[in-house]
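Labels run A, B and C following the written order; every chain starts at residue 1.
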Amino acid sequence: MHMADALVSPAVGGAMLAVSAGLVAYSARKMRKDFDPSRIPLMGIMGAFVFAAQMINFAIPGTGSSGHIGGAVLLAALLGPYAAFLALTCVLVIQALFFADGGLLALGCNIFNMGFFGCFLAYPIFLKPMAGNFSNPVKVLLASILACIVSLQLGAFCVVLETLVSGVTQLPFGAFVALMQPIHLSIGVVEGALTGLAIVFVYRARPQIFLECNAQKSFSYRAVLGSLLIAALAIGGGLSLLASGDPDGLEWSMEKVAGTAELESSGAVHGAAADVQEKTSFLPDYSIPDSESAAGTSVAGIVGSLITLAAALAVGFALKPRTKRTRVCV
Amino acid sequence: MISIENLSVRYPDGTLAINGLSLEIKDGESCALLGENGAGKSSLFKAILGLLPIESGKIAIGGVELTPKNLREIRKMAGMVFQNSDDQLFSATVEDDVSFGLRNCGVPESETREKCASAMEKFLVSHLKGRSPQRLSDGEKKRVAICATVITEPKALLLDEPTAQLDPRARREISELIGNLNLTRLIATHDLDFAKKYCPTCAILRNGKLRARGATSELLADGALMLECGLA
Amino acid sequence: MSASKTGKFGASLANLRSLESLATRDTPLHRISPTIKIAATFAYIVAVVSFGVYDFSGLLPFAAYPIIVASAGEIPYGLLFKRTLIALPFVAFAGTANIIFDRAPVELAFGLKITGGMLSFAVLILKTLLTVSAVLVLAATTPLNAIASGLKRFGLPCILVLQFVMTWRYLEVLIDEAERMFHAYVLRSPDGKFVKFKDWPMMAGQLFLRAYDRAERVYGAMQCRGFDARRIHTHNIRETGGEIFGLILFAAACAALRCFNLSAAVGGIFS
């Protein structure tokens, strides 16, 4: 899922770098508050482990292509979402620098696609609530598979969006999606299974790694919302230029985010996603990004996104329960 | 210099590693720490440097009592040479590894380089300075490890089985090197010849407690004691 | 895990080490502050990537940068080229669609006609080669710790620098342990060549535990020598005035070449 520099335009690359930088800064700030130096070896070794695991390509039956695990969900389970996000960022930077796996300009895209959904969406929304304190292997396995599938589907979809908005390839939206999603569905299942097994194993062998994570405060959705806002702005402008060559596919993808979430303070995320979903069902026809009419629609697109998301944010903050200050899992 | 009072230390899994140990090491003393495998030697070292939490008792180095808050200060006063050099040497080059401690103390770069160069000269590892520490022979690694630990001028040095896994010549050279250090030394070892030659006093541990303390030559001559403690 | 996999691990380790050993050499290029080099690489990539989908000739002069830097930094061309090839497959896949869908004829010099799709495909490949080699020359002239310190000047949080340092260190620890375990396994199995599929989970699990335990010991050793996570030492990076000036010149050159097609101009002189 690593994107190369040649596939992104400076605008998309820059925008996603900003988003990812913001998320990194946010994660770092969160970690600094309750920093436990004894977690450092774990952070380092998990970073190295995920890095090594990503080098192993496994063949995906029936597609003639190969994939590798992302690792975001596993990292989040063992390190907590913030440390996991930082660890994954490191892995991606090292891969970009030393293995030409993913570009530098595209780094923001890659960090977002592979890290954000796993650490900040899939883990707190699916894995943690379902798996609880990780003591029931079956629950852990099922939760992991679900979380990984969601995380990879969203990530893959973002790759499609970012590539198309950059305007470098003529691959039609429908075809691109039709290729990316199923492949990453298979990868998601495999990664989910491996993640689940790994969590069960570590829980049996070194339960103290999970002990400190048990008292976890309810997850703050501000980061999720903030980055959704920025990403929507950057891409929303471009989205309004794209034909939804396959509106069902697009809506289907959005459904996955909006429809399955069942959270205490779900209002905001639900609202934001639903609004984006509404927006995209009225997309105009496909046109190459530098055509005449584009300017008008993209400005409207950006303004539209701003208004709807501002409204959603306002609603979200109003609804958000006052979170208790318990120990953040780092 | 090192004062241990009624120390008890537990491993994370609950087993008692040290059970009511009291020991005094005087300034400038070169003391051998003897005992069979599992007697608690490595655990004692880790506790002294704050790597294992203390369950009860007190540890003081140079008069400063060990608390969770002053670990940095304690670690400036006492250094440890690990049993496995691979755990201890982790930088990209020997030079980097030797200067690691100085840099962490905030010593300015130029001074660091000078000290590093002279320390490497002294320990005869200058020719290794650009090499990767992982690729050295065991004897060379041990030298570099000792050099890297001593460079920050600690007042006391803990050495965990420094001559293990060395060939006879390396063993001889490292033993001499350690013997010539001008520091308080506490040396955990199975090498009884080394103990006899370079450590006038010794302390024998058994089951996490201090079993015997006194002149090395005397204690090593006590056959029954040696047998009891798994040293013969 | 097959022999080729740890051959792969071994190869990856060799990869890491080869770039890292190149990065620790001493040439004028290596001595430039990492912050400057990172900024220059970015400027270069942005310029290259911003070229239009059909602009092949305008892109070509940009090849000068990796070529010159590689020779100034004593980086073997073969290594550089091999690494850039790795990045091509996915880009090629994305670009193939161009060939399929963009059939509008485009006329090159001397009456040669190709489709728009082929041209944009070629541009995509060229962009990939240029951007990837720019990143590789950065990696080959700047050790990772220096890159992390350089990024810190751009505002990278301390904790991320720490994570870099630790991931980097533990990568070797991990690969070391993996090699050891693999050798031990292989010497006791009749085939002696690879780890059986059914043993993967056990090996992976043990590898994690052993690497984790060793990581804790290494961290303990670091702590004993004064390492404090809250105050990570980073090399004192100061960009000189000359370096900043050079960076501005470089960025200006990139911008100029972006706007002004050198190839066309030079070609114009000769035709």
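The working rule: a residue touches a chain if its C-beta (ideal position, glycine included) is under 8 Å from a C-beta of that chain, and two chains touch if they have at least 3 such contacts.
Because the structure is predicted, anything quoted here is derived from the model rather than measured.
Asker: Which chains, taken as a pair, are joined by the highest number of C-beta contacts?
Answerer: That would be the chain pair A-C.
Asker: Taking each chain's centre as the mean of its C-alpha atoms, give the chain farthest from subunit B.
Answerer: With centres defined by C-alpha atoms, farthest from subunit B sits A.
Asker: Which one chain sits nearest the middle, judging by mean Cα positions?
Answerer: If one averages C-alpha positions chain by chain, the most central is C.
Asker: Roughly how far is subunit A from subunit C, going centre to centre by Cα mean, in whole Å?
Answerer: The separation of the two C-alpha centroids amounts to 23 Å.
Asker: With chain centres defined as C-alpha means, what is the inter-centre distance between subunit A and subunit B in Å?
Answerer: Centre separation, subunit A to subunit B: 48 Å.
Asker: How many Å are there between the centre of subunit B and the centre of subunit C, using C-alpha atoms for each centre?
Answerer: 41
Asker: Quick one: which residues in subunit B touch 2 or more of the other chains?
Answerer: none
Asker: Send over the residues of subunit C in touch with two or more other chains.
Answerer: 169, 218
Asker: Within their complex, state which residues of subunit B touch subunit C.
Answerer: 46, 49-51, 71-72, 75-76, 79-80, 82, 84, 86-88, 90, 92-93, 100-101, 103-105, 109, 134, 148-149, 152
Asker: In the complex formed with subunit B, which residues of subunit C make contact?
Answerer: Per the stated touch rule, the residues are 20, 24, 143, 169, 172, 176, 214, 217-218, 220-228, 233, 236.
Asker: With touch defined as at the start, can you tell me which subunit C residues reach subunit A in the complex?
Answerer: Within the complex, subunit C contacts subunit A at residues 5, 8-9, 12, 15-16, 19, 41-42, 45-46, 48-50, 53, 83-84, 86-87, 90-91, 94-95, 97-98, 100-102, 117, 120, 124-125, 127-128, 131-132, 134-136, 138-139, 144, 147, 155-160, 162-164, 166-171, 173-175, 178, 201, 204-205, 208-209, 211-212, 215-216, 218-219, 229-230.
Asker: Could you please specify the touching residues of subunit A with respect to subunit C in the complex?
Answerer: Touch residues, subunit A against subunit C: 2, 4-10, 13-14, 24-25, 28-29, 31-32, 35, 37, 40-45, 47-49, 51-52, 55-56, 86-87, 89-91, 93-94, 96-101, 103-105, 163, 167-172, 175-176, 197-198, 201-202, 205-206.
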